[in-house]
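You will see two complexes here that share chain A, one where it goes with chain B and one where it goes with chain C.
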Partner chain A sequence: MILSALAWSATAVLALVMFFPIAWMVITSTKSETDAIAIPPNLWFVPSLAKFEAAFIDGDYLRFFDNSVAIVGGSVLIALALGLPAAYSLAYFPGKRANDILLFALSTRFMPGVAVIVPLFLLYSKAGLIDTRAGLILIDAALNLPLVLWLMRRFFRDIPLEIIEAALIECRSHWRIFWRVVVPLSVPGLGATIFLLIILTWNEFFFAVNVTGQSAAPLPVYMAAFMTTEGQTWAQMSAAATLATLPIMILGWLTSRSLVRGLAAGASR
Partner chain B sequence: MANVILRNISKSYDNHQALRGINLKIHDREFVVFVGPSGCGKSTLLRAIAGLIEVSEGEVFIDDKLVNNVAPADRGIAMVFQNYALFPHMSVFDNVGFGLKMAGLPRTEIATRVREAARLLQIENLLQRRPRELSGGQRQRVAIGRAIVRQPKVFLFDEPLSNLDAALRVATRVEIARLHRAVNATAIYVTHDQVEAMTLASRIVVMRDGLVEQVGTPLELYHNPCNLFVASFIGTPRMNLLAATVVGLERDKAIVSLGETERLAAPCVTDGLSIGDAVTIGVRPQHLIIGSSAPVFRAVVAAVERLGDETFVYADHAIAEQVAIKIDGEGGATVGETVPVGVVTGTCQLFTAAGVAIRRIISVADQERISAIVHGFKR
Partner chain C sequence: MTAIAVTGSQTARLRRLAPGTLATAPSVIYLVLVTQLPFVVTVYLSLHQWNLLHPERGVSFVGLSNYLSLAVDPVFQIAVLNTVIFTTEAVAATTIIGLGLALLLHHISFLRGLLYLFLLSPFLVMETVAPLLWKTYLLNPVYGLLNWFLSLFGIAGLDPLGQAPALTVMTIVTWQWTPFMMLILLAGLQSRPEELVEAARVEGARSFGVFRNVTLPHLRPFFAVGMLVEAILLLPLFGPIYVATYGGPGFRTANLTFDAYRLLTQQYEVGKAAACGVVTAALTMAVTVILLRRVRLDVQRS
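Moving on, here comes the complex of A and B:
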């Protein structure tokens, strides 16, 4: 019982530490700029939604939101379209070079963005992909693909091999086996993978700020715009950040059970 | 229905040769059982026939057609797995009809075939359930149903009874035998249980270390094992194996010694035997007689198992080997008692030092006498 109480206490402290920045951001977004930069912090203030209104309307929030949704949606779909069949093949028909392929795919995630941004920018300039949704979608899809390969291969391998063998005896089409047997049995893991990709892509800033401009910039770039030459308007920026993170927080809250189940399913086998 | 021919089948992995030059012909409608200890290659061979693994060398023919490069779904086979391999997200109906649906059959025909299979296997009331709602025996019936509906040329069974409890195993074994007669198809069955092999098979293939040790009917393997491995693998309890030395050779008979004074005459072909050769004597438990008036050796009873209609006595031989003796009924001995043990004449099998069986010679009169003694003797 004491151990249980200690575990709960530790969990509560950890949750507080992790949630505090979010909570502080939301509180700050309801303050005036003066209250926002006051030291010590001003805990007694009149909350206001004026900064949200300014961020939403003056900051043209919806345009950046649309871009983020399109870029996240496009890149996740492409990564899944390419990665799922590859993960299926690597899971059940690996071949001798499977580990090399996986390691190579993962190694692309080790690559720092600053090392490739210059040649990438030049390439995109020539190809007319600067400040386009398609340009950023391609980059994010390439970043997401290794994660799809690694995670989904793991979740596919959790399906007993005999089930796949039974399917191979009943059906000659790998495509049908994939859609009718493998994917339905991998839904929890697939959900967890998709959610992880959405989070990572939604928050991706480096490539977004370098290859997009007025037309295709997503929400992380929108938030950076609040760092002006006149200094940072903390309250305004907090409101913008709250608006930018709100969709992901709502999505995470709605899917938290499935997410945990999906991740736990992979861990327990 | 179809035959299956395996020609020089070999399969090797990185550091391991799983199959070594297997040659086998399985006739149309035959029920052949691959039996052997774990790791002998029987499941590998079954999967090679199914096309689930690629052979390193050799050819597989099903219905006289070479199928090495043919997908499993196109080989005309159906398979029942040890762990049932049912699709957990589908109902029993959808599981059984999955292959038919993938083949593009009309819904009405799928429904007809599924219901017919369900009737045959007595699972009509389970069609709308999911596999997780079924017992092990029910799941196995569903798995068999999924195989039957495809009307395959060859049925493959990969240790289908291993996950069932003892009573259910016996019942399902009988069911499989009944189904085989009903569908009258070629069947290849893999098991490590020699009782399943003996009761189901029209022919048994005994395997060890990727090789075929012997192929024959159950009784051929039982009465005439070709080597020590087959002799000790087939039969429950296993054949008693006693170390001996050839001390005399007569026409059609070898005299062997088990110790200082214990002698035994074994009718066999004596070509190739010499006095002084080390041999092994194999004697089935039911061919040893406790309290014989002409004992071959004496042994100390270590354990007695009374099963009601038969009794097994385990006794330690003076040369420190334990022998198993089967007695009909409730006869037997007391633990710790020293008992004289005789051997029914003409029943022992000799093996060379290399473990190869020496051909026995049994006259018709001896066969009848042996049968009368074994079935009529009671202590």
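Moving on, here comes the complex of A and C:
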């Protein structure tokens, strides 16, 4: 009994400590700049949304937000368009090379960015792709593609083979079976995969900072520019950080369970 | 990989109807074009002298001299050392703390879902925002909460980013990645066969005995996979270093990725930056091979 109470208190304290910086970010975003840097910290203040309004109206936040949405959307769509047919094929018709293809795809995901950035940077400079959304979309799609292959192959396999076989004998068109049978039956898995891709692409920084600049940079690059902030703009920075972080965090909260379940099951099969 | 084997006859029957390579070829080709080809070109460039600031000098083959000049470059030496230290420390710390948190979460039931979400959250913070939160609210020498807290006990102010920059970067990374390890180990704990735990209890094992003889062996493959993925993803760490210290002061916190970034975007030394990238890839491959061998052993044993 006492041990359980102790374990619970320890968990609660640790959870609050881990979450504290995030909570403080949200609290600070509703303060005035003076309150934001007050020492001792001022907890009796009138919260206001002024800094959020400022981020939307005066600041550049919206421009970077648009870039982020376009880059995430574009790269996820390309990865799905290329990866879903492959995952379908690897799930139900694994040829001799299925293992090789999957391991190859995984190895490309784990390749450090610095090992490919130099030629991409040079090529992009020559081809006019530097500081364009399209340029970053092409790279992020390659980061997302291996995850589509691995996760969706795994989720497709949850559909009993008999169903696929029966459908194939009946209509013989892979295209129609894919859209009419496979996709509708794996909506939860597809959702979890898409959410994971969105979270990862939304937060990607290395390629973003190397191939984009003033006009096409997404939010991680925008946030990095606050690194020299020295106390004058903490409330403003907190509002921008909250806007950039919170939507993705909520998405992660909503999907973490199904993702962990899917991944754990995938690892054990 | 037994993962892909299906019952033989079914596969054979289905294969006759297979969509052919048309389904997989585009993915493979795309990955080759965007990741493999650039890597080959990186290796090629690493053997050449090419500075974008001096186009008149042109591009010339110089053999291994980029690698040799990196080897005697003090910044590069620090970068290699930091890469190894940051990765090892982060993997070790997140594994230990993550195990503790996973065990606690597995044990409790009241408000478990909420506490789980709190503990998970740092992992979902943008990697350029996490260091901002630490270097402003918490660690800023003048307006930070740490120094205010210390002053309550009459302790003089600290400047963690100035006095211990590497330790600060590692702390931030540990904060972000502990939830990842916790997640994986929690999945492991939840798949622990309860019959084994019961059997051990019946035989008179105490809690610690169960932990040592049942729980830890069961978690081995989960440790291995978690540590492997984390090592591969943290070896080219970039965002937290860029935002927290920008590699400084005086390159004391630069790692291989940051050094390549510096060589490319500040010195425009294409050859040297490429060589730095090749070294990073080689290091990643070495870690992967070593850890993957361990994973295989663990999976076979369990």
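We adopt the following convention: the second predicted complex is superposed on the first by the 189 of 269 C-alpha atoms of A that agree within 3 Å, B and C clash if a C-alpha of one lies under 4 Å from a C-alpha of the other, contacts with A are read in each partner's own complex, and residues count from 1 in each chain.
Basically, contacts are C-beta pairs under 8 Å (C-beta built on N, C-alpha and C of every residue); 3 or more make two chains touch, one makes a residue touch a chain.
All values derive from a computational prediction rather than experimental measurement.
Engineer: Quick one: is A:S173 in contact with chain B, with chain C, with both, or with neither? Answer first, second, both or neither.
Structural biologist: first
Engineer: With both complexes superposed on chain A, which partner does A:W44 reach: first (chain B), second (chain C), both or neither?
Structural biologist: After superposition on chain A, A:W44 lies in contact with neither partner.
Engineer: With both structures fitted on chain A, tell me whether chain B or chain C touches more of chain A's residues.
Structural biologist: In the superposed model, C touches more residues of chain A.
Engineer: Looking at the overlay, does A:V114 come into contact with chain B only (first), chain C only (second), both, or neither?
Structural biologist: second
Engineer: I'd like to know which partner A:F93 touches here: chain B for first, chain C for second, both or neither.
Structural biologist: The answer is second: A:F93 touches chain C but not chain B.
Engineer: A:A141 contacts which: chain B (first), chain C (second), both, neither?
Structural biologist: The answer is second: A:A141 touches chain C but not chain B.
Engineer: Pick one for A:V181: touches chain B only (first), chain C only (second), both, or neither.
Structural biologist: first
Engineer: Is A:E165 contacted by the first partner chain B, the second partner chain C, both or neither?
Structural biologist: both
Engineer: In the superposed view, which residues of chain A touch chain B and also chain C?
Structural biologist: Of chain A, residues 165, 168, 172 contact chain B in one complex and chain C in the other.
Engineer: Can you check the complex and tell me which residues of chain A touch chain B?
Structural biologist: 160, 162-163, 165-173, 176, 180-181, 184-185
Engineer: Can you list the chain A residues touching chain C in their complex?
Structural biologist: Residues 4, 7-8, 10-12, 14-16, 18-19, 21-22, 24-25, 28, 37, 39-41, 82-83, 85-86, 88-90, 92-95, 98-99, 101-102, 104-105, 108, 110-123, 138-139, 141-142, 145-146, 149, 161, 164-165, 168, 172, 174, 199, 202-203, 205-206, 209-210, 219-221, 223-224, 226-227, 229, 231, 234, 237, 241, 244-245, 248-249, 252-253, 256, 260-261, 263-264, 267-269.
Engineer: Report the residues of chain C in contact with chain A in the complex, numbered from low to high.
Structural biologist: Residue positions touching the partner: 1, 3-4, 6, 10-11, 13-15, 17-19, 22-24, 26-28, 30-31, 34-39, 41-42, 45, 101, 104-105, 107-108, 110-111, 115, 117-138, 140, 142-143, 145, 148, 175, 178-179, 183, 186-188, 190-191, 221, 225, 232-233, 235-236, 238-239, 242-244, 246, 256-257, 260-261, 264-265, 270, 273-274, 276-278, 280-281, 284, 288.
Engineer: Spell out the part of chain B that touches chain A in their complex, as residue ranges.
Structural biologist: Interface residues on the chain B side: 47, 50, 52, 71-74, 77-79, 81-83, 85-89, 98-99, 102, 146, 150.
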